[in-house]
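Presented sequentially are two complexes of subunit A, the first with subunit B as partner and the second with subunit C.
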Partner chain A sequence: MPTKIEKDSVSGQMTTGHEWDGLKELNTPLPTWWLYTWYVCIAFSLVWVVLYPALPITGATGLLGWTARGALPAQQAAERTRIEPMLARLRAATPEQIAADPELRGFALAGGRVAFANNCAGCHGAGGQGAVGGFPSLADDDWIYGGSFEAIQHTIRHGVRANESDEQRGIAMPAFQTTGMLNPNQVSDTAEFVLSLTGRSTDAAAVTRGEALYTENCASCHSDRGEGNRDLGAPRLNDRIWLYGGDKAAVMRSIAYSRAGVMPSWQGRLDPAMINMLTVYVHAMGGGE
Partner chain B sequence: MSVIPPRAPQIDEGSLYATHQKVYPRAVSGTVRRVKWAVLVLLLGLYYIVPWLRWDRGPNAPDQAVLVDIGNARLFFFGFELWPQEIYFLTGILVLGAIGLFAVTSLFGRVWCGFTCPQTVWTDLFMWIERRIEGDRNARIKLDQGPKDSVWWRAKLRKHVAWLAIAMATGGAWIMYFNDAPSVTWAMLTGQASLTVYGFFALFTATTYVLAGAAREQVCTYMCPWPRFQGAMLDENSLVVTYRDWRGEPRGKPTDPTAGDCVDCKACVHVCPTGIDIRDGQQLECIGCGLCVDACDDVMKRLDRPTGLVAFETLKNLAASEAATKGMAPGPQLLAKGMAVRTPQKLLRPRTLVYAGVLGAAVLVMLGAWLMRATLTLTVLPDRASLYVQLADGGLRNGFTLKLANKLRGELALPLVLEGPQGLRLLVQDAGLDAQGRPLLTTRDDGITQWRALVTAPEGLRLRGATPITFRLLDAEGRTILRQSSVFLGPDR
Partner chain C sequence: MFKKFSHGMIERNVLLLGVLTLITISIGGLAQVVPLFTIESTIERVQGVRPYTPLELLGRNIYVREGCYACHSQMVRPFRDEAERYGHFSLAAESMYDRPFQWGSKRTGPDLARVGGKYSDDWQAQHLRSPRALVPESIMPPYSFLDRPLDYRSIQQHLRAQRALGVPYSEEMIANARADLETQARPEADGTAFATRYARARQGAFDGNPGVVTEMDALVAYLQMLGTLVDFRDVTPEQLRQQ
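Let's look at the complex of A and B:
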């Protein structure tokens, strides 16, 4: 209830003119220094709003035209200039030469780790462990296209089935059931033979039938005993590593409908120095040949 | 609606603020003063000279004996070198210092405050300069009360320039404990030092100038916490600066036969750096410097009376003398009686024994920690992204990051062996091999070196889940000098 603003008889202070059940509120102003600091902050924020992007409106960048995104390229350029001498050395050297030079190797492993996390880990996993379903592990000792420095560099540059150039990796595996080359029973028999290569088949008769089918349809790429062929990108079938799963159902799916994973070509998207760093980093993951 | 007005509080709060009374301490000479000069020269000498001491640690290491190398995260103290993770040794030194301070205080009172505290030492130095330029107590009072003429201006200017010079030397010496002394001095003189260096130089110059020049006894009385709780360490057996009132009272003229030995000349008051009267008894403001002892002894000698009217004395003896001489008339008999009942200071008492015990325990703990300090530590970090890698032949591989911290100077080449199920193979990338084909870890000089190790388990082992393994580092004779356990991970089934 508003009342008269008056002088309080006890404390000698003015009241605010507010009264509740007979209790009047004393007017106790903020300390002057506090108040003026506050005023200065308000004045500062007004200037700030005019000069800098402060309003949640698209295009409201303030008079100075400064944006965090706009400031980024200059910082990136400065950083790139700083590491350019090292990048130039990395660009000029081959991955083998980089790996042999402790200084370059240290830089490449650190830079490669970041580049891998930015560009590769999405499919190949943070530590290059890959994932079942067509994402090969880069840390194991099984390579579809080869694990030498040169092979890794080539794969990164040109990708797999990326429609980039003739240099790219990968040819298409036929979908044997879709195209009518094998009927479902034959697919099952072929799969049974493939399982027998790692001693996992349960049906000897099917293996015998499947062997003939395998020799006729698969051996030209995957070799007679499933040794695979890196030139064609035909994976080994006689080891414990299965890109799309190693149980019979998964193998049958592969035969019936084919598999054709795609990896982008990184040449032109990444600096050659970065590709070299990635090559050295991937080679050092454990499976490098 | 009737309202009963509250009664106004009847407390007179008054003001808690005391206006500073400038203290004009008079020069004094005597035993205590000589000891204080000696301590001052020793401590200031140490402070200014220590950064210039050299200590050869071989190549790639600073040759400064005492250096806190913030940039390289190392602390050098002659033959000792601390890494950041060993900063607890520094904490330990501070703990020892604190307990030592308690012990000394319980025995001899505020000797730290009166003789060795930097505030006391630098204030003493600043006062000495003040006396050289403006004259002694009476001259300074006269100068301050007189007109601000050319004499005043010249004296003040000379004094402050001299103070600033000392303050700058103090701030400059502080910087040298954190940088190579000769090069940072040259950099500062030629304007090439970093802003940090100049900033800290300015900070410590300013604090020295303000604390020793202007604040002085106010630091001890108002800023420092130590006087507030040092009373807890003192008891009736501690040595404190006291006025023997049983002998001095009643005060009177030297010619008055009924008066005590105190002639009320106020010499003790005039020399006091904190401006108090020791005859008022034990006071918070008293820093125990004992200059009043010298001042009073001087007066007593001139009056041909025995010295020691103001003295370092225990409160127990003071009470004993007081009791023994109660009701006696002033004179030689009173003095003899009073001095006769004094007993030697009791040094061994529960309080001092506890302090000594705690101090001894802390020293033992520190010593043990130092002797058992590992100069070589191996850290094994198993890979997290891909806990294990399936190999083509059915085998498994685990990746580990090895970090070897070598806290000593000089390189070490140590073979690494793996302990675990028979058949595990160890490969360390970037490491050489010794004659037996074991990976050879070559550490850096005083630093951490990192390797990536790959451990492979052949298919035949069929390792499932977590299998304990141990990395062992051997010395040249094949003895194990470090072992670090870890786990080899495989699929659950």
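Let's look at the complex of A and C:
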């Protein structure tokens, strides 16, 4: 309960008059600098609510007529004007020409790095290392559709099985077991032959049986000895790089049910200059041809 | 009289304290709400926004159930850096059929307002099952349990509930809800009637398995349509004005 307000003998301040078991509360005034800053803030806010959207009489924009949406186009236009000369050069040049010109190449690598992190890294990894499950590495020299400037640019533009343009990559691999073209034993034999291409088969008889099945069903796209075919996007089978895993179970699953990875088409989403920058950046990741 | 009106007086009178607190807080609320009274409609006049398909709606329910909004916003703000990264700023019209909206207030993960079509269905499903298998630096929890069958016995009631809240689902949409849901999850099913009811909706085996309709199908179908309904190539600044 409040007792009497008195002067504290130690600090010289008045008390609030509150007391708990003999403890009394000091009523220390706010520092002057703090108090005046507070008054200035109040004055500032009174000006602000008139200039910016807050009061019914000044409508949804305030006296300044400001909105975030209204301010955005000018900011975007200013930035666009600033970078357009460089974008125009990057748009007009082919990726080869960009890579050959040190100035353009520097801009393309810097811009490509940012665009890659935003748009590509989710699937292909922050360093282009890819991931098992159908997300190819871009940092090695094993290319499904080719690693030349032109091939990379085409893949970025049109995507793989993206259903957005006729020029997209990717044909359909048959699901050999689902469609009844191979029975489960034949799938196993074919997988043994595929493993033998990298010296990993453990069953010589199955390899012999699988070779005939491979020649009949797989060789037209993946070539006789698993060299692959870039025109069709048929991956190499005679190296140790596997999109969906290289153990027998994964290879059998690929043969039985097929695989059909999808990459979005970026033509409508990204500026052509940005696609050129990305092309140069991906080409420089380690496997460019 | 004026001298009596002091800190001590407010502190001693609960009713007075309550009334003055209410007035103080109201000023903040009114400053946000009142300017909107001068606008006839905050919904922009753009084309293409439609109610969610039954499969997308259940996917959205899973999004809410799993609390995705706690880490992912669905609101591209009208700032230059956000437009550079995510695309056109979000419109009120794009969430006009959201009950409740999923704008969110915190981004631990990226904004998802325009994630539709940015990744493949396969990536979305694999990433939900095991985020770090694809993005090693990710801190998102895995959702591999979503591969269980989707419970859609009450899909018609879900549409009815949305209609009661103002989403324009027609009798035809409600009557065909179950069939539409199954059609969208099966790429080989005949989608002619489904497409007339839900423009720009895509059929697919979203989780890679067309045999069973799973929660993963629903969630991926929902994620893949986010932000794709309005074609911004046709939008004029006039249509974006809130007036």
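By our rule, the second predicted complex is superposed on the first by the 224 of 289 C-alpha atoms of A that agree within 3 Å, B and C clash if a C-alpha of one lies under 4 Å from a C-alpha of the other, contacts with A are read in each partner's own complex, and residues count from 1 in each chain.
Keep this in mind: a residue touches a chain if its C-beta (ideal position, glycine included) is under 8 Å from a C-beta of that chain, and two chains touch if they have at least 3 such contacts.
Note that the structure is predicted; figures quoted are calculated from it, not measured.
Novice: Using the superposition on chain A described above, determine whether A:A54 touches subunit B (first), subunit C (second), both, or neither.
Specialist: Touch partner of A:A54: subunit C, not subunit B.
Novice: Name the contact category of A:A126: first (subunit B only), second (subunit C only), both, or neither.
Specialist: both
Novice: After lining up the shared chain so the two structures overlap, which partner does A:K7 touch, if you call subunit B first and subunit C second: first, second, both or neither?
Specialist: neither
Novice: Looking at the overlay, what does A:Q76 touch: subunit B (first), subunit C (second), both, or neither?
Specialist: In the superposed model, A:Q76 contacts subunit C only, not subunit B.
Novice: More residues of subunit A are touched by which chain, subunit B or subunit C?
Specialist: Touching more residues of subunit A than the other partner does is C.
Novice: Report for A:D142: first if it touches subunit B alone, second if subunit C alone, otherwise both or neither.
Specialist: In the superposition, A:D142 contacts subunit B only.
Novice: Let me test your reading of the model: by the given contact rule, A:G22 touches which partner, first (subunit B), second (subunit C), both or neither?
Specialist: A:G22 sits against subunit B, while subunit C stays out of touch.
Novice: Hey, what residues of subunit A end up touching subunit B and subunit C alike?
Specialist: In subunit A, residues 125-126 are touched by subunit B and also by subunit C.
Novice: Along subunit B, where are the residues that touch subunit A in the complex?
Specialist: The touching residues are 1, 3, 5-6, 8, 383-386, 389-394, 397, 399, 429-430, 452, 454, 459.
Novice: Under the definition above, what is the set of subunit A residues touching subunit B in their complex?
Specialist: These residues of subunit A touch subunit B: 9-10, 21-22, 102, 105, 125-129, 137, 139-142, 236, 239-241, 284-287.
Novice: Would you tell me which residues of subunit C are touching subunit A in their complex?
Specialist: These residues of subunit C touch subunit A: 31, 34-39, 77-80, 83, 85, 87, 89, 117-123, 126-127, 133-137, 237, 240, 242.
Novice: Inside the complex, what are the residues of subunit A that reach subunit C?
Specialist: Against subunit C, subunit A makes touches at 49, 53-56, 58-62, 68-69, 71-73, 75-76, 79, 118-119, 121-123, 125-126, 131-135, 261-264, 269.
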